[in-house]
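Letters A, B and C mark the chains as written, and numbering starts fresh at 1 in each.
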């Protein structure tokens, strides 16, 4: 297959995949009376900017909070999960199997039960409605995933590589820092990516632990349009669109950087 | 890196510590709450109106009531369903707000949980309130809050569609005439009626006017009247008078369908009045007819202002001032106009009608309405309501006949409320 | 790390077990002092008429979602692994569904699948197919929520498998090409075996996340009509929070059954992993 044909196939696949996203954008521009038109309008013919007007007036400050929470979660997750994954994969500690087992099970606890448990802890610690509190809570979704992914990927690192470093007189910490981490770039990116995505789209923790704060993430902004009896759907969808634009740009940039890094690595081999 | 043995000991110690901490938080309920008793002058108010932000009339009203009571108000708006969980959780941790504004059927749940004070304890005056509206906030002979406004259901109709189909809306007086009107509309190539029969409380809320309008009682879900009400809905679906999507419609979705201009009728609430003005066609409102004519009792919706239990009972006096301020006639008029609700006080209702004659039909509907948790049902209501909406779903989706669905519902409800 | 684990996982887990062993009413939830009930809540659930259908739907939902997510994700990963113009950007765009809060993506799906005014039925109408009551008929509701869930799960599988592919040394493929292996043979002989550890973890995590899914189903169908799309996760939520009068005990008990299911698969995973390491 020639490259241009692949690009065309890729474009088609992406279009199919993103159709629901398009539909969301479509609804965000639609007037109330056209929302359930039968047959549905494929384009917002008599579009309205009402939804966006509401969002741009009210939601922009929250984007910053979301960004901060997302990046904080990424940092915390990698710091906690990378060494743990390394230890499980290479040092094979006593109870390592049990630990990864607990991590697996931990992910089964329904988010709302976790959130209710945290509420009591946070209230006593006084970190309700704070950004660090939310980062800590969001990291609990990503850390088990991170540890398992790091374990799976790091067990693929040849033992000779780490042994060579030890022979050179490097301690475990140094080996980890200057040998293991650099070769695990792929898994770090994967874990960071998901940590970011989870934190960005989290709803349950944000609403339970940060519902009343001044620094609310943008997902909670959607609540402003879910009234007691009525939902303002164009504004809800508009919030989601506005919230996903900066994150999408970030993703595309991040992936550029990753692709470059990978190719550079390949040439060195 | 710790050695394995040391690590295991640490695990054990931490486990013990955590379970102790867990036990401690579960038992202690007298710890000081930072959200509510923070300093002398700050009072927390939670409401289910997240759509209002700081420069809205509603929040301004809250702040001014705070000022006249000599305190500052910390207000937070939550999503309705979220607020119930939040209120329970906060009560468990003794972190309740000073004033809580909450959907009326939740009042009996929170009262049952011991999370709310009675109006007697906090000396709130409820004498001006209409008894049928106050009923939704009463449980076991005690009153747990003051209604801030009420809404209920009626039938919106599209004048253009009815005219085109040759239906005179004055002829719609009971179920047979309504069904006949729907048949004519369908014959004219338009769609009949849309409502919300979703599998949640919203579905029960919308079914109740028909249920009560048939003469059925919530204590006997399988009565022949109840079956006739569910058969009415099921037949509409079978005949194509109502769309299949009603099974999954929320009240908003059903309103969007009506707003498309294709439907003759929509069962919807007082709160849609603001949106109704934005419709692209002429609309009108009639009360929901009872099976043999007359107005069917519709359930009341709307919120109550209540004072949650605090460990520091000294705070009630100020909370009482706040609630009285929020429910004073002048402020009720402002609030209910903003929310497009009907005031719970007769004198204010008259003012509302004087300002907007269209509200007359709603004031009458609210007068005929009754509380869901009334009839001494209290916390039994949720245990009846869930089987009821389950039965509605089963019948409408065709998996059971109305009769079978309702007798299964009655069995479930009877064993749950025993 | 240990402290973090205990505070943030052991405590909620302990709470969930404790909830399931007591008879909680709203009153005792707030005021404390719920009587210990042993396994009563579990007995109640097992004898509930919802149990059978919920178990079946959980298995079907999880199995079908996993199979489709993984296959499609793998195919896409292999496809995007061949570098072509825009491949990186397009791959990044595949992640966009993950940026949306579930309430939005699930609502969009229920919008598109609406029986009256949904775009899917409109498209079917164009090719002459009768409209399908995707969300409101007991026959289709489970299929609908599976479609939406597969859509949401594809990015996850794609990304993890893709980064697994990048870890396979290119020299292996070069050697295979020299031996004259076709693309299909290369996939089965090199890609698939080399990806096994990553595939195993992807499937396992996918399994756990899918067992847990409730928002999508809840928003699209509320588990209905008549329990036709109720899984353990939505059932647990409905018992605990879907009613004005929460039944925390049985809700937590259903949640724990789910944990047990995950536990069994977790054990299988660890056994396989041990065998590979040995």
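Here is the rule we use: contacts are C-beta pairs under 8 Å (C-beta built on N, C-alpha and C of every residue); 3 or more make two chains touch, one makes a residue touch a chain.
Computed from a predicted structure; not experimentally measured.
**Q** Edges wherever two chains touch, nodes for the chains themselves; is that graph a line, a ring, a star, complete, or other here?
**A** complete
**Q** For this structure, I'd like the pair of chains sharing the most C-beta contacts.
**A** A-C
**Q** Determine the centre-to-centre distance between chain A and chain B, using the mean Cα coordinates as centres, and give it in whole Å.
**A** Each chain reduced to its C-alpha mean, chain A and chain B end up 35 Å apart.
**Q** How many angstrom lie between the CA centroids of chain B and chain C, rounded to a whole number?
**A** 33
**Q** Counting in whole Å, what is the centre-to-centre distance of chain A and chain C, each centre being its mean C-alpha position?
**A** It comes to 17 Å between the two C-alpha centres.
**Q** Check each residue of chain A and list the ones that touch at least two other chains.
**A** Touching at least two other chains: 36-38, 116, 121, 233.
**Q** Give the residues of chain B touching no fewer than two other chains, as numbers and ranges.
**A** In chain B, residues 7, 11, 21, 92, 253, 257, 260 touch at least two other chains, as defined above.
**Q** Touching two or more other chains, which residues of chain C qualify?
**A** Touching at least two other chains: 7, 11, 15, 114, 116-117, 241.
**Q** Which residues of chain A touch chain C once you look at their complex with the stated criterion?
**A** By the definition above, chain A touches chain C via 3-4, 6-7, 9-11, 13-14, 17-18, 20-21, 23-24, 27, 36-40, 42, 80, 83-84, 97, 99-110, 112-114, 116-118, 121, 136-137, 140, 143-145, 148-149, 152-153, 155-156, 186-187, 189-190, 193-194, 197, 200-201, 203, 219, 222, 233, 236-237, 240, 243-244, 247-248, 251-252, 254-256, 259, 262, 266, 269.
**Q** Can you check the complex and tell me which residues of chain A touch chain B?
**A** 32-38, 58, 87, 91, 93-95, 116, 119-121, 123-124, 126, 128, 172, 207-208, 211-212, 223-233
**Q** Could you please specify the touching residues of chain C with respect to chain A in the complex?
**A** 1, 4-5, 7-9, 11-13, 15-16, 19, 76, 79-80, 82, 84-105, 107-109, 111-112, 114, 116-119, 122, 125, 151, 154, 156, 159-160, 163-164, 166-167, 169-170, 197-198, 200-201, 204-205, 208-209, 211-212, 214, 233, 236-237, 240-241, 252, 255, 258-259, 262-263, 266-267, 269-270, 274, 277
**Q** Which residues, counting only chain B, touch chain C once they are in their complex?
**A** These residues of chain B touch chain C: 7, 10-11, 14-15, 17-19, 21-22, 26-27, 29, 81, 84-85, 88, 91-92, 105-106, 109-110, 112-115, 198-201, 243-245, 247-248, 253, 257, 260, 379, 381-383, 385-386, 390, 393-394, 396-400.
**Q** Can you check the complex and tell me which residues of chain C touch chain B?
**A** Where chain C meets chain B, its residues are 2-3, 6-7, 10-11, 14-15, 18, 25-27, 29-32, 110, 114-117, 133, 135-138, 221-226, 228, 241-246.
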